[in-house]
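Order of writing sets the labels: A, B, C, D, E, F and G. Residues in every chain begin at 1.
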Amino acid sequence: MVMPQALLEKSVDKRVSLLLKDGRILEGKLTGFDEYMNMVLEETTENNVSGGEERRLGAVVLRGNNVVSISIL
Amino acid sequence: MVMPQALLEKSVDKRVSLLLKDGRILEGKLTGFDEYMNMVLEETTENNVSGGEERRLGAVVLRGNNVVSISIL
Amino acid sequence: MVMPQALLEKSVDKRVSLLLKDGRILEGKLTGFDEYMNMVLEETTENNVSGGEERRLGAVVLRGNNVVSISIL
Amino acid sequence: MVMPQALLEKSVDKRVSLLLKDGRILEGKLTGFDEYMNMVLEETTENNVSGGEERRLGAVVLRGNNVVSISIL
Amino acid sequence: MVMPQALLEKSVDKRVSLLLKDGRILEGKLTGFDEYMNMVLEETTENNVSGGEERRLGAVVLRGNNVVSISIL
Amino acid sequence: MVMPQALLEKSVDKRVSLLLKDGRILEGKLTGFDEYMNMVLEETTENNVSGGEERRLGAVVLRGNNVVSISIL
Amino acid sequence: MVMPQALLEKSVDKRVSLLLKDGRILEGKLTGFDEYMNMVLEETTENNVSGGEERRLGAVVLRGNNVVSISIL
């Protein structure tokens, strides 16, 4: 069995794609997380699904309770 | 009586279909979960109900509080 | 006085109808539940109120915080 | 001072009207409740405000966090 | 400093106006409350903002997590 | 570092502007708050952004989980 | 690994951009935060995405559960 936190630990320093509750998708290097699934991403970009623009966000802290899913890229 | 966590335990390494709060449906192999019903899916695909496209998501961590239901396939 | 958990216990192996927060109605045999009102249904069908179609879902785990009410059939 | 739980206790076996978060109104005999305000109603009917139809639901367990208010009839 | 619970305590047996999350406004005599801000109102009326009608609700238990604010009248 | 609760403490008896989750903006004198950020305002007015009317609310208790932000005026 | 709280600590007295659940974006100097990710911003401005206006808010306390993400500028 692969525990969710264990997979996140293995994914530190890898690129991930985060889906947020409001539909935003952030891509970046996962550099940390805590037990509430608050996360730190670096070199983050926001890929808006509807439009084609990409926004560069740099270092970002995300609150866990807005995160729907984390895909390991 | 079948406890919810017991059924999930029996379903590890089986294919499941997850319904999320925002209406998305993910299908994949359940490889783990924790007491908050955070889950790990592998070989995940997103089956959008309205459109016909299927998106391949690979390994995904899902936060339990966005999960509505898990169907064992 | 009939405690909610006591009524659920008496309803194990009986058919119930679950109303979810998003308006879905699931019908199935209640085979288990836990203290968070997470539930296990078997032989589950989804009865969409607006349309006439019925979807067969088999064994389903439901997260308690998406459940509005449980009617004993 | 009348504590909320005390008024509910005094209302057991009386008819109450429950307003749910999604706007539904249920009427029935309150037969039990717990500390989360999960409730058991018997001889329950759903009175849809917009339409004139009344649905008979029988014995129902309601999750407290979907309940907005309980009026003693 | 006036603690929120202290102001509520001083307001017992006074008339208050409650604003609920769904926009409803209830007016009544506050007869009790608990640490979750669940409340008991008596001689309650619902003043719908949009329409002019007033509904008499009598004794009502309100769940604290649906209450936005309490104005002392 | 200025802790959030410390700034609130320094703001007691000062005028603040509260933004609520439903978009309402209340202005008043902050007379108290607790650890859940439940607050007491006095001489409160509601400034509706869209319309020009101002409503006088007097003494108000606000539940912390409906508060988005507090600006010190 | 960079814990979320550690990155916030390093960002005290730096300018940050906060995305709130309702879509507002606040920019200001982070002067403090607590374990719930409640935050204190100073010299805060609200940058409305849709319109071009900028509102000056000064010192602001934000409740953590309305914060989606914090970008370090």
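The definition used in the following text is that contacts are C-beta pairs under 8 Å (C-beta built on N, C-alpha and C of every residue); 3 or more make two chains touch, one makes a residue touch a chain.
Values in this document were obtained by computation on a predicted structure and should not be read as measured data.
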Count of contact steps on the shortest path from chain D to chain G: 3
Partner chains that chain C and chain F have in common: none
Least step count from chain E to chain F, where 1 means the two chains touch: 1
Geometric centre distance via CA averages, chain F-chain B, whole Å: 41
Chain C and chain E, separation of their C-alpha mean positions in angstrom: 33
Chain centre separation in whole Å, for chain E relative to chain D (CA means): 18
Shared interface positions of chain B, touching two or more other chains: 65
Ring of chains, enumerated from chain A in the sense that reaches chain B first: A, B, C, D, E, F, G
Complex interface listing, chain C residues touching chain D: 1-8, 21, 23, 37, 64-65, 67-73
Contacting residues of chain G [partner chain F, same complex]: 12, 20-22, 26, 31-34, 38-40, 44, 57-63, 65-66
